[in-house]
């Protein structure tokens, strides 16, 4: 490294950080202006708080033997389960005496883990393949596009119902499978289209002339430019993943010990679902939680959409 | 418009007759008797369609007394003729098919001849599959007509209860005139069994109390009363001492069995109907809809083989007119050890785990009485076969005592720990196995569970249905896991799909599991032949039923003798001894089952009795049931 | 055009072939076999199981089975169901499909008829409160946990108000001696709906020659109204009225559920599409021409924005099987979705594969329909 | 009475960052049958004036004052329904991007007919006849009216758009960069055609362009705009002969002249101002070689320096001849 003489240059990372902060500020303002995005973010924050609060409550206020979301039960209410909301159980207990609120909070963590993992995988795959297809075109493109067509031919939930017999679907594997499947599907086509608009930009040409390798160009030029769109799709994918997990759990098709879907399934299989208002605390909280989390991520996605797609902005 | 009115009028007339609505949860899959007993043997098919046919003999609920139905009196004893064993059965006279022709020996002989026909290197009975092979055991050589009302059964060796009383004699009989041409046509095809199964019968003559009328796939099925039913007005009297009496004033038929009226006061007096003009079976695809329909009075009851879940019971309890009854189940859910593997091959290990399992705690505290703890491979609800004096490991002990006992048993057998489990404060309120003493002293958790030869115990997998399939078993498995972990026994519950378990337990190249948890439904309560299939060493082959790999020569001998027994009295002590052996050796730990709870509208339907093993769904084929509205 | 369709057909055939292969491999990968179900009855001897395996085509090498399967599909034979042995899969699909088709066709059309104008309206009123309220409501229905929606609908309409039955597709007591099979009614209903749809879209071409927009619109409405009256009259005079009504009555709740869930998608897509179109210069031109707002919105903006919405809608129709799984289960509507679910749970591979194969064909054909629709709707595109 | 009398027209765009001063106190007028031109750099507010007159501004535009009397009627205060009647019938417009001014999913002829049927009671058949005439007038084959826009070339679209603007015999046509997208030869031909048609039909015309040379050909008077202000307004000959505002002078020397003596092309230093925070006083002062103290504090009034020639500058460069 040569020492700078005279004027001191700012280190590159600082410039980058400043640029990033500046664009972040601008985008945040746009996101905020969308009004629906912040609502979604707010709901997500509430869920994050619930997730964080659970282990703390278990360690302090809640007796594990009573409040454990899977094994706990309240012996003082013996014979009264499912018990309606009370001071000890703000959302009541389930048919085998477990605390609904504890289950609800505990499951939040797995929903996030599942949703975010699966969406991340989807987006990473989709972005990479989209960029590669756009850059190379030809046979590579044709192959991946056919795969995408093929994946999109399958009804997603129906496909997972079959896969569940092939692969033992616990939370992690489900996230993986969902992520990979949707990664090779429609998202690739969308991101490729975006990458194609980037590819024809002059700076790509310039980079090629300057002798940049394909890998370098894809990594440094194409991917960063389709990242915002990828990020946007990630939000929608979280919604999809959470919803899918809930449906499969609701049908009792997943080997997960507890989740919001399983909570409703438990109520349904024990025969409390059809009593509706009489046992509302068994289905309403998990049902609302699933809906709200899906709703929230979708809102954030729509909010981001206005940031990423100028055409949707208010004029 | 006029047509529409006419239709409404017809519906009105129908409504005026006696109609019962009984809900089903699954659709029929066939109307063909061969398929219905064969590959399509579902409880739903049987429930709706089975009542059309009759068999020579049957076990009659609620006492499961074995009595003649199409036959006249009990069969003759077997006699040896030219190295073969022969018995004759007399057919009751006066029984007619719905087309007016009488039931004769020809029909019986035809039915068995279909099953005995060789097709593609095997008997038709095997090719048809399902329950047919049980009705046509290997040792049955021929069924011949002696005269119009007498049939001769020829066996290669003297048959036991399984092959005769509870085998061939229970076979449903079909009409020769109707089926003969169809059977001959099927024989001409490449796949005779497949062709026979594919026949869609139209206006098939039957002889049961209810005749199948209409099936609207996915919506409902209807049966109508058979006006020519031979049994109408027939009185079946069951006595407390086990005696039975059949009398049919119309056909001038009387039969007394097992001591008849001499065996004490009348237990049940059942007068055959059918009392209902037609029964409509609407199909509900979920229980909630059926429960709602029951509450609204749209149906009088619904058929529910597993019984009502607690929620439905809670909801229906409050509905006026609805009566809920509980009957003991005829089945059990159990834990099975793979005795081919270490350490499950050690009896002490199995006994220790059996000792640790506190069924009462799970049943009474966790599940609040919705499950019944069970201890024997023959449920105690079947007092004739159940042996009440078997060993039950750990019964009545507290948790701490169970732990102490299990540790003792394991240590005695040579198992050891790096750090042995300790019970803290035994007998006090603060007793615990591991954890923290009230004074803050931490008792170290046990660790390093070792086999008698000093090696560490391998990680063991407990396969159990996931909460999605059966929350009861899933939770129970988690408790077992927890109890074992407290003792550093490395068992991990793998809650997974039913199919996954089945495919691992019955893996193509042998039994690929450590411990699994499933359940059985047990077939005919009058004859628990499953004892043979589940634990006889001949079943310890890939795809066999002896999943634990239980091999006990004494048990094998008993089981074989049991199948060959000529009477239930002879079989009973054998079953008792078999239960003792199984309880002692614990290839299975029988855990629990749920009582069969059923709901019906007492203001719409009247049952002749409601106490019956397995539930009122066994008050069947509903010819003694009355409609009240 | 013809050449384009032909080349598309070739492409479709290749994709379909790949699809079949994947479906086959998928089910091959599933552990165990159907005859394992019989393990639950110990009295079934191994020979009987072997015989069954043979009859169900489960013996032979994987390759043989694959060839057999592909050949079967291309000859229109989807095999024999295990559960419903010996019924053919195609026979079962034929029985269940019309039920699903009517349900989803009606629901999706209603959803489209609701989502399209709403999306148009809120895009036009971008940024106002009504935009936010409708958008958020749309998203809520779009993302609502379907079983939850079904529970709420059942609770309100079936349980509390008692207006509708909670499940099934007909009232058994009415159908004891019907002059017609429900199957036929479903088919005729599908035909009616499709016919009305055809009449509606055809009315655009029929009225093309009418110069003035207002009489053109009135003629179109008149034609559709005439179609509705004709259909109602035909149903009533045929004496099938009560039967059709019974089925339609049973359809109400599931249709409502599907409508609520899917109108959001159409609406949001229409909104975005509109927002894009509104920025186009020809919209400003149209406004500058002094055209009334409504004409600019409906004729110029919405008409052009319709294209992606229609595409999405049409492709979406192909997924009625998976869409049906939840809704049909919740409302006890024995259609394709429920059939598929049961088949998968019962390991009835031929039936499950048949349902998937059928979906594949449907989606691929709808892709073709979309191409043709595009050519019809967008003059810029010609093949 | 002039056909159009614009006084003190002021309009801002409201954005999150603040108001964009798009049009500030613009005053000019236009006689019947007259053609005027508005020139200025892009973003100086020319198009905004047109849109303000037609009231086609986006939602975030804020009308702040002034009036625009069209035939004595103040367009800025007209109810929407009345305004709709003025559009196309009174004032029609040829848009900047003629390429995209036609809706791709309708036939070109129908789009013109639509405008006619909205404003005149005319049968479809008659309307078609009239479209055919208009097509001939602008030099298009009448058969083309049944084609879709994507079947037209750029020049054809431009002509069709002109035909559309003429459809309702408007009193005034605003042509916003009518020829920007075309090559120079076609550009010239189209402009001449518009001018011929205008003369034939005796319509008033308002050209808007960034290219002073182009409009000079066809306009009788020219207004020069800079950053939302109308800085100079006068008849073409005067303006070209005696440009008074430093910006106009700079503008003229920035383009090669089609006629007249050879001049050195000079590029204007600096950048056009940010209309979010326009410079105080004269908006041109940061780039003006003649700027003095007063220019930085007070906006110059629009002064008439000779008959028919107004200029807004503290230091008008009046050349005495």
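Lettered A, B, C and D in written order, each chain numbered from 1.
One rule holds in what follows: a residue touches a chain if its C-beta (ideal position, glycine included) is under 8 Å from a C-beta of that chain, and two chains touch if they have at least 3 such contacts.
Values in this document were obtained by computation on a predicted structure and should not be read as measured data.
Colleague: Identify the chains adjacent to both chain B and chain C in the sense defined at the top.
Modeller: Touching chain B and chain C alike, sorted by label: A.
Colleague: Write down the chain pair with more C-beta contact pairs when A-C is set against A-B.
Modeller: More contacting C-beta pairs are found at A-C.
Colleague: Centroid from C-alpha atoms only, then distance chain A to chain C, rounded to Å. What do you get?
Modeller: The mean C-alpha positions of chain A and chain C differ by 28 Å.
Colleague: When the C-alpha atoms of chain B and chain D are each averaged to a single point, how far apart are the two points in Å?
Modeller: The mean C-alpha positions of chain B and chain D differ by 92 Å.
Colleague: Using mean CA coordinates as chain centres, what's the chain A-chain D distance in Å?
Modeller: 51
Colleague: What's the distance between the Cα centroids of chain A and chain B, rounded to whole Å?
Modeller: Between these chains, centre-to-centre, one finds 46 Å.
Colleague: Give the residues of chain D touching no fewer than two other chains, as numbers and ranges.
Modeller: 59
Colleague: Hey, what residues on chain A touch two or more of the other chains?
Modeller: 165, 251, 273-274, 314-315
Colleague: Can you list the residues of chain C that touch 2 or more other chains?
Modeller: If we look for residues of chain C contacting two or more partner chains, we find 31, 126-127, 154, 159, 166, 329, 347.
Colleague: In the complex formed with chain B, which residues of chain C make contact?
Modeller: It is residues 31-32, 36, 38-49, 51-52, 55, 82-87, 95-96, 99, 154, 158-159, 166-170, 172-179, 182, 236-237, 239-243, 329-330, 332-334, 338, 347 of chain C that touch chain B.
Colleague: Of all residues in chain C, which touch chain D in the complex?
Modeller: Going by the criterion above, the answer is residues 126-127, 211-213, 280-282, 284-292, 295, 300, 303-304, 377-380.
Colleague: For chain B, which residues count as touching chain C in their complex?
Modeller: Those in contact with chain C are residues 1-4, 7-8, 10-11, 14-15, 19, 21, 27, 29-30, 35, 39-41, 120, 122, 126-134, 191, 193-194, 197-198, 214, 216-220, 222, 280, 282-286, 288-289, 292-293, 499-500, 502-503, 506, 521, 523, 529-530, 533-534, 539, 543, 545.
Colleague: Which chain A residues qualify as touching chain B in the complex?
Modeller: It is residues 70-71, 73, 75, 78-79, 81-82, 95-97, 164-165, 168, 249, 251-258, 262, 265-275, 278-279 of chain A that touch chain B.
Colleague: Touching residues of chain A toward chain C in the complex: what are they?
Modeller: 35-36, 39, 146, 149-150, 152-159, 161-163, 165-166, 239, 243, 246-247, 250-251, 264, 273-274, 276-277, 283, 287-288, 290-291, 294-295, 298-299, 302, 305, 311-312, 314-315
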